[in-house]
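You will see chain A twice below: alongside chain B first, and alongside chain C after that.
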Partner chain A sequence: MLTRSTLLSIALFQAALLAVGFLVSGNNYYMLLLTQVALFAAFVAAWNIIGGLTGQLDLASSAYMALGGIVTSLLWMRLGLPPVVGVWAGGAVAAGLAVLIGIPTFRFGVREVWYALMTASLVVILNNLFRYFMGPWDFYLPNKWGWLYLRPRTYFELFIIVDVVLLAVILVNIYISGSKIGYYLRNIKEDELVSEAIGVDTRLYKLIALAIYSFITGAAGFLQVVIYSSFSYRLFDAGLAISIAIMGIIGGLGSISGAIAAAMVFRALGEYLRSTLGGVIPGLDLLLYGVALIVVGILKPEGLAGLFNQLRRWWRK
Partner chain B sequence: MTKRFGGVVALNDVTLSVGRGEIVGLIGPNGSGKTTLFNCITGVYKPDKGRVFFMGRDITGLQPHEVAKLGIARTWQKVRPFRNLTVLEAVTTGALLRTDSVEEARKTAVEVLELIGLPREEWGRLGSEITLMEHKLVDLARALATGPKLLLLDEIAAGLRPHEQERLAEVIKKVWSDRGLTLVVVEHVMRFVMSLSKRVVVLHEGRVIAEGPPEEVASNPRVIEAYLGIKPV
Partner chain C sequence: MSVGGLLVAVLQQVIDGVFLGLFYAIVASGLALIFGVMDIINFAHGDLVMISAYFVWLISTYLNIDPLLSMLLVLPVLFVLGLAIQKGLINPVLGKEPLIQIAVTVGLGFVLQNIALGYFKAEPRGYPNPVFSEGLSIGPFVIYESKLLSAAVSVLVLFLLDQFLSRTKLGLAMRAVTDDRSSAMLMGINVERVYLLTFAVGMVLVGVASGLWMEMGQVWPYLGTSFSLVSWVAVALAGLGSIRGLAVSAVIIGIAESMGSLISPSVKMAVVYLIFFFILWFKPRGFFAKR
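Presenting the complex of A and B:
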């Protein structure tokens, strides 16, 4: 659970993140970049619950993000429900869809590659469905600002909101990890047959993991809409869902610190490469992910988490 | 009970009853249906015909985790290693069946690990770092931690050296008397079964071909034929 060393690392991480925030607060581009990176890390941290802890290679992250974001936006624009309330509804709708799909998926034992393909296709299906109903347009958020709409006037304040969300997702991860649910999820990842034999309702617990992950992703989805100031069917982005999963894998499946480190380093690097060399060599950021995956696969299959552990051991010597 | 896989009849009208507190040995050549019988009892498979009763309750068709909750635990023939959990975590997970508190479960796990005599310095090791014998002990401990009334041991001695088998038999006897368990022991190693059980059931091609005290069964011509494929002279 919350030991002193985890508490200390969270505090250090927060201090560092806020320090960077203060440092770049004068520059809107860097501020927005940092906010985007932190939000991406929050999505990866949420994915860690289903992908890292439970071992289900879920590729539908962006589907829940987009669905939650769009629901929250529409509730605001059509019904006047302020997003500070609406995000909970957005999360609930995302989790509702996830559970609805999850029940038959887990009932019929869809797993591994098949689970990955099924979840990936969910993003594509929703992408097409929303393009059909929404058309190809971008819908802009109303010209209203304030905390009530989770849409502050400055990027720095937006960064603070995202940072709080990231911190909350990290704490949820740590809490789950130390609880009965976490023990059961990790055991499901190891061996479903053994889990059943020692009394784990594997279907139920996979559904719980799926619901928590999709709820968080859906609720945080609106912040992505806020960063873009608009939404369209393109939010259902298969590439984004895959890169979220990739970060979880590079980080070392199941390790929250590794997942967040991978998310932040690679997203920032990718973004940097895109802005500097993107015009010269398009797709360089994607190439970087690929290279990182190969390097991790060969040298450190446990991911960055393995590296952290090694460093920790080396430090103690 | 009958179970078919396609055209193969894995269990053909098998009847087995086990009394409370008994240790029953279940033997038979490879493919005779021993593991299939376990899988039908624990809900991994649903039998095509017949029913499974446990303490007067019909448990046929229940899911494995429901069967476990009622008090039937098992170990695995092929070691199913856990790579990224420690020994203590693995056993604690088993104990979480009877409680929602991780603390309490850990206490149960410690008791069980002490009972089976796995040295304390092994508890913090990952599943990828322990030996086959230790895996078998942890598998046993994890099953015990779920608080079973009936424990099914599926070839737990397989692959172990003779002195390890002896030690394991001692541990199993200790656990049996300490916890007041009922045991069904599937085994190839005859010596292992004989040292444990008073009653042995022999399966061959999905049928029960002999039943009785181990010495009697071992000299039964049908059993010898099943194992060696020849009629004794």
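Presenting the complex of A and C:
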């Protein structure tokens, strides 16, 4: 629930993020980088609903992102539907596909490693199908700018849009986490068989979590297309989906603050390493993800959230 | 294309698919052994094959010998590497939540990929002067010597693995642990030691796979990702407990991928993964499971 201390943390986080935004607003590169980092954090926060709260290792984030973004773009390019409206359709298509696959998947009890592999292969399937039917080309967005197209003229305005989305995803997380559904989801994460035995409709609640996560990811996907100004089959990126899940795990499953902190720190650090040392040692940023995962998995399974809690306790002493 | 021409093209794909499938069988056998005995979810399996393929490539180019010979030199290295990975990374997460195991092995995979990318760079590497590169023409079909040789080695190794698991004391212990861990422990099997040796034997199979691959193709840093996925598909199709079942499943997948590339090379993996979806929905224990 929205207690005063959560409200205060969110306000502080927003103030800090906007302050950084204002500070770098003169520099297009930093502005774009900040926007990219905030959008990545929003995807990780959306993943937290299925991965962190419900404990299902979903590796299809980029599939829903790309599908939603591409549907929104095509509705705009082919039918003239402005993306302000189109993103809702994009989210709905992504959520529709997720539920369509989710129904048999949860019905037949696909879980753990098999769920992870299934969702990972969904990204590859969509990637291949898109390439087969639409070809290997890059499709460019029309030459139109404006709020109606969620494609403002300056990077600062785009950053504001992304920031609003990030804030909305955080609030959705907090709302779900405090609601009845949230308790069911955590129960499923703790032990699915037990929660089934005490009468929780695990299939239904997993589907609800999947639908919310894929809808948000699909709707926000268009912003990724806006950042690139184009899309192609490469938007269905299995590596990106894994990175998003990794941030959720490093953040400490289920902790929204940990997930966002991990997303922002690692993405920013990754970009910094890539721009400074990328030419000398390619892949150093991803190497760092790998090491962080191993360290978190073996030494600190509760992730950054555990670290936060320790700091908080130390602070109060 | 005429009907006869189409038939020849399809049969050629089936032949290539069988060769590919026998290679996948070796890749998947290491994963299945480790997953079956230790119940550890290893997402880095394909990346281990990739790193091992670079070892093979290094030795082959340095000594100018055939990849299958370099493979024999790589196997002991992998055995030791297997012991080290088991001690350092796998043992601490044994019995933990699947998510933690996946996190650690995905981390290992990322580390291996990016070490390879940093050290060997992105371009594919292959052995420049292979001995068995000729294509044999049999009627309208073409069979490459390298593929034939790899398939023979693959069948031999699978046969030896089957014998090892059914005849030797260690192999029987591994199967006992697969079937029932606590009973095996009560019967006086040193489970810790079985785990350690299972991972090491699994890594030797990884080494064999990498040798077979280098005999036929090239290695690049992201080669392993698809191997990991395909071996999990093979394990899903076969279920645990039968080497023969695993080999048959891997060949089916090889043929499916090969037929898919007949439609278009860009959809071949989609065909394999769609099969995967249907197996998980309708036959989650696989077709050849012993338990």
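Observations, loosely collected:
Basically, the second predicted complex is superposed on the first by the 316 of 317 C-alpha atoms of A that agree within 3 Å, B and C clash if a C-alpha of one lies under 4 Å from a C-alpha of the other, contacts with A are read in each partner's own complex, and residues count from 1 in each chain.
One rule holds for everything that comes next: a residue touches a chain if its C-beta (ideal position, glycine included) is under 8 Å from a C-beta of that chain, and two chains touch if they have at least 3 such contacts.
Since the model is a prediction, treat every value here as computed from it, not as a measurement.
In the superposed model, A:G199 lies in contact with chain B only, and not with chain C.
By the touch criterion stated above, A:V291 is placed in contact with chain C alone, chain B being left untouched.
By the document's definition of touching, neither partner reaches A:E157: not chain B, not chain C.
Of the two partners chain B and chain C, it is C that touches the larger number of chain A residues. Shared-chain residue A:D237: touches no atom of chain B or chain C.
In the superposed pair of complexes, A:Y184 makes contact with chain B only, with no contact to chain C.
Under the contact criterion defined above, no residue of chain A touches both chain B in one complex and chain C in the other. Listing the residues of chain A that touch chain B in their complex gives 178-180, 183-184, 186-187, 189-191, 193-202, 254. Across the interface of their complex, chain A is touched by residues 41, 89, 92-93, 96-104, 106-111, 113-115, 117-118, 121-122, 221, 225, 229, 232-233, 236, 264, 266-270, 273-274, 276-277, 280-282, 284 of chain C. Partner chain A is touched in their complex by these residues of chain B: 42-44, 63-65, 68-69, 73-74, 76, 80, 82-85, 89-90, 92-94, 96-97, 100-102, 105, 127, 142-143, 145-146. Those residues of chain A whose C-beta lies close enough to touch chain C in the complex are 55, 57, 101, 104-105, 108-110, 112-114, 116-118, 120-122, 124-125, 128-129, 131-132, 136, 238, 242, 246, 249, 253, 281-284, 286-287, 289-294, 296-298, 301.
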